[in-house]
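Structure first, commentary second.
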Amino acid sequence: MNGLFGLFNYWVVIVLMMTGFYIVISRDNLIKKVIGLNIFQTSVFLLYISIGKLDGGTAPIVKEGLESYSNPLPSVLILTAIVVGVATTSVALALIVRIREAFGTVEEDEIIKIAGTE
Amino acid sequence: MIRDQLPALQIVVPLVAAPLCVVLRRRAPVLTFALAVVWSTFAIALALLRQVLADGPLVYALGGWAAPWGIEYRVDALAAFVLMFVSLMGAVTLSYAPRSLTHEIPKDRLHLFVAAFLLCLTGLLGIVITGDLFNVFVFLEISALSSYVLIAMGRDRRALTAAFHYLVLGTIGATFILIGIGLLYMMTGTLNMADMATRITAVMGTRTVLAAFGFLSVGLFIKMALFPLHVWLPNAYSYAPSTVTAFLAATATKVSVYVMLRFVFSVTHVRMDFGYSDLGALTIAFSLAGIFVASTVAIFQNDVKRMLAYSSVAQIGYMVLGISFASVTGLTAAIVHLFNHALMKGGLFLAMGCFALVIGGVRLKDLEGVGRRMPWTTFAWVLGGLSLIGIPGTAGFISKLYLIRAALELDVWPVAALILLSSLLALVYVWRVVEVAYFRPPPEGVERREAPWSMLIPTWALVGASIVFGVWTSGSAGVAARAAELLIGIAP
Amino acid sequence: MKFAIVMIAVLVTMVLALSRAIAGPTVFDRILALNMFGTKTVLLIAVVSFLVGRPDFLDLALVYALVNFIGVIAVLRYSQHGHFGDVPADPGDGEDGGPI
Amino acid sequence: MALVLDILSWGLLMVGGTFAVIGGVGLVRLPDLFSRMHGAGITDTLGAGSILAGLMLVSWDSLITVKLIAILIFLLLTSPTATHALARSAIAEGIRPWTAGQEDPSSSE
Amino acid sequence: MKRQSILRVVSKLLIPYILLFALYVQFHGDYGPGGGFQAGVIFAAAFILYGLVFGLEPVRRVAPPEVVEKVAALGVLVYAGVGVVAMLKGGNFLDYSALEQHKAHAQHHGILIIEAGVGITVAAVMISIFQAFAARRAGR
Amino acid sequence: MILIALLALLVATAWTVVRLRSLFATVMLTGIYSFLGASWMLLLDAPDVAFTEAAVGAGISTVIMLATLSLTTREEKVCRFRVLPLLVVVATGAALVYATLDMPVHGDPAAPAHLHVAPEYIADVVPTPDGEVLQVGIPNVVTAVLASYRGYDTLGETVVIFTAGVAVMLLLRRPRREDES
């Protein structure tokens, strides 16, 4: 956790976020999109958690003999965000199951082709 | 005592009602109960609006904790105004729903559908009322998740893909908003909007805050379907069940515009002197492009529902235009248009629902001669259309009037001229429907058959209101002007 | 010191497992690697919580072990039957059958 | 006593670490699924066992040791079960163990 | 997987302990990592494991979908109910201090109850999602 | 050091997910990604989050995704490189890197996030609107914030998960009669 690591850490997290984002917007397969969305969101969680870290701090569970604690607030926010993430994922997957039943495929370009003929 | 608890009741009533619907399960009690709930939510919103207009902004500390630590509600004139019309739309569309729902939703899942509707309403109201930035995200997701599934309930199988498409874009938007909130939190250490407003001045020019602003804006632009990030909207609105389209078209995008207003003016304090800046010019260009492109696309649609959806994209352009003027008149225009557009688009989509129920389709050729078959519904549609164009005497006229005045105040008369010109485009697409409905003969052998009263009354209520508020402007524009003054910070 | 060494060893093993999970080639290789990766994460958590001096976080390691187990079973179940619905109780289930 | 515990835990931890790495190398280097399974099995039981035992010796605190034991038992129960189920499924899928003289199956796929 | 005896025996052995562990996580959340949400997930995980090993039908017998649906609603009602009771007792929404005379105790109890609400909802929703997915068969 | 190693593993996993066409393998790697992310969070002093991420990301999500695969398909059909998305992503990433330039350094005790609001949570001296200081008295500060100070957010979270349940039931529950078209 020296100075060099200070921003480097954020940059790697940004690379992760963008990898997920790329999967979402570049793939035709709907399931792959959801997986990308998952990675994108998880990486944003990593960003938040690194905001909360305090040098020399430990986890915010108060205990005798410990003085400095990391910030609990990002943890709380991210707990909520994780729940939101899994909720979104499950709704997305349920939609995919229905789409597959209705169209017989989960590839976006094929679906557009089928839908275009209606 | 009830008076003090009004802000909480506004959210708690529909929120508790949703799980109760799931427990009740049986069709008749669920519908009766839900109707009682939405109308009482509207009553609470009205009481809240009265209280705020009389006594000034309200603050309500949830959980009994002081503000930057706990979450608080903050209800000023703008919030109360938006709460009022969102809950009004919820109430009207749900009253309209029972007949068209039995037509569109499988019977054994009706209680779940109603629960999702109430959750969506709760989410939208929750976004408006809260004073905490992260809480906005949470309620945004409640409303978004439920609206995805509400859209997917459409009968056409393309409703599923539309909902999925919306889900992906909506989640990207929400994640962008989350990133923006995170960056702001990093720089200010707080999530409370009022607290952030004071603390952000010290770090205003930093690159982090700038980027945060960018991410929040892009996220919100996706959610409000501003051109060119509107791609999810036309399909979603065309294939969703009619009730859902009417409700979402009247509320969901408006609430995102509201969050934008709140964020730009309450948190980052763009004030009069800041006014017409480069950023403003950029958004003006985008919103004008949106208005023209979307209106032009609307002209070429053969599905009337889809036509109205594109028209919605254009209308969002008007609202953002008003915001980018960053003046009292401009904001008044944006805020009053939130309300007026909700009324007229709600009315128009409800009328579409009547057509869909009786005729079975809403393509232009299905509507041939419908003026004679369903005179009441068609007339309601035409009045809504006139309001959309902005004919004097309708609510749409008031919005455009303020918008043009705001443009002239800033001496950008080309913008004013373009606004007028864009109304002509609206005239063209509305006329296409009128022409088909009144000047083509109905198909052979169909009788005159009107939509049921339970659907006509809500439709007419909204269309009628859009005429009433075209004449009696103190109820809408008056409140909007007060809200705008408060936002800009020149009112006490 | 000793914790650091063990931690490095576990990390190296995780890298190896990950490379097998990426390389495959069969589904079962990946499942095997996944299982091993999970158990190594459990160890990593256990060691790290000693390393940073908060050994009360071992609950987490237990959760990881549990989740890993369920994950592997789900993966197996999927690769074997291809669905999560009911399996017809067919006594002649071929190679799969027979108590051990 | 403390010294003895310390040395013992050192020893166990090192042995565990070594097993883990060896198993990992085996997972990567061995020719087919079933032999890799063997490599993985070693780390999962012996490696994990020694490391956790080493940690137990460090913390002679009651609750933590109980948790460590719980983890160990859990791993000892689940990991071989999973591997066993895996092997059976693989056989059921028609994957056969590789025997000497055959071509390396990992190169064929 | 119906015929894999070892797996079945081990799973049967583990499931009660998983449920126990879920309860531990639920009530230990004040002192260590964990809380209602995590406990709910672990609780559901036990059911999911049961479903994976023994098939969907037994899970549906233990937790019928109609009941699970109502239980999920119940959790939200428990949570919001605490808030409403606080309002009735004169405090703000979710102000646990208004629940009892002794404010610190009230906070403690309030947290316990709402965590239970979270746990109930999460467990029920996860189980019902699993059931919904598992009950749908491809190609039908 | 270990943080960097974990980050490198995360990047490797994410990039493999981009490349692989087998959805089944991808789902497993997503599980691994969650495990790694959770370990990273634990090291950054967020055990509660690590707990949840492991249970949800590696457990529940994997099971639901596999269930979806079993109902749809195993293999992605095409996996082509696309320029426009890449440009969008690079632009977004550049905006984020730009944002980091004025950020407080990772772990900096003088960062605003550590000086405002959070200290009162940790010291358990949060005031009520009347200015009275009230103690929650729970050692786990995260639970205290989650359940009491920001309990309303958590109510929202519970409602979100409930909404997801309602949504999935609406979408996937079979109608009683098989007449759904």
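Labels A, B, C, D, E and F are assigned to the chains in the order they are written; within every chain, residues are numbered from 1.
In this text, a contact is a pair of C-beta atoms (placed from the backbone, for glycine too) under 8 Å apart; a residue touches a chain by one contact, two chains touch by 3 or more.
Predicted, not measured: the structure shown is a model, and the values here were computed from it.
Novice: Show which chains lie in contact with subunit D and also with subunit F.
Specialist: A chain counts here if it touches both subunit D and subunit F, which gives C, E.
Novice: Enumerate, in label order, the chains that touch subunit E and subunit F alike.
Specialist: A, B, C
Novice: Considering only mean CA positions as chain centres, point out the chain farthest from subunit B.
Specialist: D
Novice: Which of the two pairs, A-B or B-E, is linked by more C-beta contacts?
Specialist: A-B
Novice: Taking each chain's centre as the mean position of its Cα atoms, how many Å separate subunit C from subunit D?
Specialist: The computed centroid separation for subunit C versus subunit D comes out at 11 Å.
Novice: Between subunit C and subunit F, what's the gap in Å when you average each chain's C-alpha atoms?
Specialist: It comes to 21 Å between the two C-alpha centres.
Novice: Per the centroid of Cα atoms for each chain, what is the distance between subunit B and subunit D, given in Å?
Specialist: About 58 Å separates the centre of subunit B from that of subunit D.
Novice: Using mean C-alpha positions as chain centres, tell me how far subunit A is from subunit C in Å, no decimals.
Specialist: A distance of 22 Å separates the two centres.
Novice: Please output the residue numbers of subunit D that touch at least 2 other chains, ranges allowed.
Specialist: Answer for subunit D, listing residues that touch two or more other chains: 74, 78, 81, 85, 88.
Novice: Can you pull out the residues of subunit A that are in contact with at least two other chains?
Specialist: Expected reply: 17, 21, 25, 51, 58-59, 61, 73-74, 77, 79-80, 83-84, 87-88, 90-91, 93-98, 100.
Novice: Got the subunit B residues that touch at least 2 other chains?
Specialist: Only 15, 18-19, 22, 61-64, 134, 138, 141, 145, 148-149, 152, 179, 185-186, 191 qualify.
Novice: Which of the chains touch, listed as pairs?
Specialist: Applying the touch criterion to every chain pair yields A-B, A-C, A-E, A-F, B-E, B-F, C-D, C-E, C-F, D-E, E-F.
Novice: Using the touch definition from the top, list the residues of subunit C that touch subunit D in their complex.
Specialist: 2-3, 5-6, 8-10, 12-17, 19-20, 24-26, 28-29, 31-33, 35-36, 39-40, 42-43, 46-47, 50, 55-56, 58-59, 61-62, 65-66, 68-69, 72-73, 76, 79-80, 94-96
Novice: Going by the contact rule at the top, pick out the subunit F residues touching subunit C in the complex.
Specialist: That would be residues 2, 5, 9, 12-13, 16, 24-25, 28-29, 31-32, 35-36, 38-39, 42-43, 47, 50-51, 54-55, 58-59, 62-63, 66-67, 69-71 of subunit F.
Novice: Give the list of subunit C residues in touch with subunit A in this complex.
Specialist: Checking each residue of subunit C against subunit A gives 52-54, 56-57.
Novice: Give the list of subunit B residues in touch with subunit F in this complex.
Specialist: That would be residues 15, 18-19, 22, 61-71, 106-109, 112-113, 115-116, 119, 122, 126, 132, 134-135, 138-139, 141-142, 145-146, 148-149, 152-153, 155, 179, 183, 185-191, 199, 203, 206-212, 214-215 of subunit B.
Novice: For subunit C, which residues are in contact with subunit E within the complex?
Specialist: Result: residues 56-57, 59-60, 62-63, 66-67, 69-70, 73-74, 76-77, 80-87, 89, 93, 96-100 of subunit C touch subunit E.
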